[in-house]
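Two complexes, one shared chain (chain A), two partners (chain B, chain C).
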Partner chain A sequence: MNVRRPYVRRMEPGWWWKNAFLLRYMIREMTSLLVAVYAFVLLAGVFALSRGDAAYRQWLDVMANPWSVAFHGLLLAVFLYHSWSWFEIMPKTLPQIRLGGRRLPAAAITWGGLAATVACCGILLGGTLWLTR
Partner chain B sequence: MAHPVKRSNAPVFWLLFGAGGMLAALLGPMLVLITGIAAPLGWVLPPDALSYDNMLAFSRNIPGKLFIFAVVTLFVWHAAHRIYHTLHDLGIRRNRLSMGFCYGISLAATLLAGYALVIIGF
Partner chain C sequence: MKLEVMRYLPESDPEPRHQVYEVPYSDTGSVLEALQYIKDELDPTLSFRWSCRMAICGSCGMNINGVPRLACRTFLREYFPGPVRIDALAHFPVERDLVISAADFIAKLESIKPYIIPRVERDVSEGEYLQTPLELEKFNQFTKCINCMLCYAACPQYGIDPAFLGPGVIALAHRYNADSRDGAAEERMGQLHAEEGLWSCTAVGYCSEVCPKDVDPANAVNQNKMASALDYFLRFVKPGDKS
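Then we have the complex of A and B:
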């Protein structure tokens, strides 16, 4: 038997609902659910691709359904929020970066990261256009 | 006798979480826009952008295969780690069951993606 009986603080459900900071925290963490959903959408596509032309065509049909396109509009908003929040908290998740003896300002990390997102998305679009030209 | 050092498995999961989150932050919006909106509607991209022949060729190419594998698996591991810890914050305390649930699904998705990409061929 464990002699230690650690104190476990009571948790009221919905504790994160009452405070704007905690609510933002929870929304940020919840974006991961939709990141997972999108990964499974892609996984279904890859699996269909491995099953052959007919199976893959079915996946393409589902993707072209207006409900699917609308859902991807929601996913797009969630992913944009993920990008924003990821780099917003990056100054706190990275070890301190010092340049010339001064701490790199948080805004530089956040905006640098967002600039990298714009660049990577541009490269991805350019690469896709080039490959499908 | 020296005791073996008991190592934590946390850094491995944290690394996968970080890699997936970074990949999603850098490429996620454009990936969703291309696969879910632009290609199905025929915007900007040619109508056969995601056609069977195109995607088969892309996924038979080693860099293409690795790209698909990285996106699918890292997104899943990112989400699993975040959900595992968020469940804790919601009152489902971290234990073997919630860990097995979150990371188990990720492992299954990883194996399935690997299997599909291997049988697609090279």
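Then we have the complex of A and C:
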């Protein structure tokens, strides 16, 4: 007997949980939510600044709270992972880059991107410190 | 060694189940050979696809302990002492046991015209279409695709929405688009620009991880996103057609 009855399997809700590669991908995606959360924290600061000196100082006090400092520490770790995860897949997003007749290896793109980011952050931080000295 | 093999007989099974077989272990034995042992010695009703036994035909793709792999280049020693769980290639409809329906993949593959459509048609008497080694290098890795569909089984976006054109087909579209002898990139890009084209990809990258031929389909998909985005925005500044 020859019966055709193709069986379609549905993806399980926890499909990303059992595979280390997919778990890392989901962590990358979920860390972006915390990036968004921190954007709102900074926006609140800008909003407080627009409402005057007292409001801004109050926001700064909230930021200096030990819970807030711990939250910033956690976010720093999350942001570092988030940034790394994107630079890790950066070679996938670029066409072949040739230097001196040779194809630039993926690791060079990842580390080059990271180095450029660190340099930009350094310039931004240095510039800010210089302007507010 | 114990193998837990997915079984699905459409005439009697309402849904797939797993059957355990005991196969002789050897250091050099592949999962494909273990399946062949089951079929020859234990249970002739087991169905699976295979042909070349040397990772070039792309027939024996299956999920081995949850990872899409070619059974012929996966060895029992990697899973010693077992057991090993073998499922039909993920995300595809199961026809019978480990045999999946590739109809969707084949239709998508045909739709992107996976062959050279010459920029300028030449007569045979005019000789070959010449190409420099550097021009070849631009797309060479994408020619290595053996249509094994492991990348589709690895892609959660294809699993969630099978309308997605998928990593393998996009890699092959790019293979022809990037070929200096080809002139049909514009035709193919229509499909790639669509949401079910490049833009269903969320850069998981697992397709490239499981690819047995180092094609790196995630690279083909994601480098075209830049071209697709440029094409979208340049319409507004380019003179002429605004459609």
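Basically, the second predicted complex is superposed on the first by the 122 of 133 C-alpha atoms of A that agree within 3 Å, B and C clash if a C-alpha of one lies under 4 Å from a C-alpha of the other, contacts with A are read in each partner's own complex, and residues count from 1 in each chain.
What we mean here is this: a contact is a pair of C-beta atoms (placed from the backbone, for glycine too) under 8 Å apart; a residue touches a chain by one contact, two chains touch by 3 or more.
These numbers were taken from a predicted model, which means no experiment stands behind them.
In the superposition on chain A, contact of A:53 is made with chain B only, not with chain C. In the superposition on chain A, contact of A:21 is made with chain C only, not with chain B. Once the two complexes are laid over each other on the shared chain, residue contacts for A:11 go to chain B and to chain C alike. When the two structures are aligned on the shared chain, A:125 is found in touch with chain B, with no touch to chain C. In the superposed pair of complexes, A:107 makes contact with neither chain B nor chain C. Applying the stated contact rule after C-alpha superposition, one finds that A:99 touches neither chain B nor chain C. Greater residue coverage of chain A by touch, when chain B is weighed against chain C, goes to B.
Shared contact residues of chain A with chain B and chain C: 11, 16, 29.
Interface residues of chain A facing chain C in the complex, by the touch rule stated above, are 1, 3-9, 11, 15-16, 18-19, 21-22, 25, 29, 89, 91-96, 103. Against chain A, in their complex, chain B makes its touches with residues 20-22, 24-37, 39-41, 44-46, 48-52, 54-56, 58-59, 68, 71-73, 75-76, 78-80, 82-83, 85-86, 89-91, 109, 112-113, 115-117, 119-120.
The residues of chain A lying in touch with chain B in their complex are 11, 13, 16, 26, 29-30, 32-33, 35-36, 38-43, 45-47, 49-50, 53, 56-57, 60, 63-64, 68-69, 71-73, 75-76, 79-80, 82-83, 86-87, 113, 116-117, 120-121, 124-125, 128-129, 131-133. Here chain C touches chain A in the complex through residues 8, 10-11, 15-16, 66-67, 90-91, 93-95, 101, 137-138, 156, 159-160, 202-206, 208-209, 216, 218-219, 222-223, 225-226, going by the rule given at the top.
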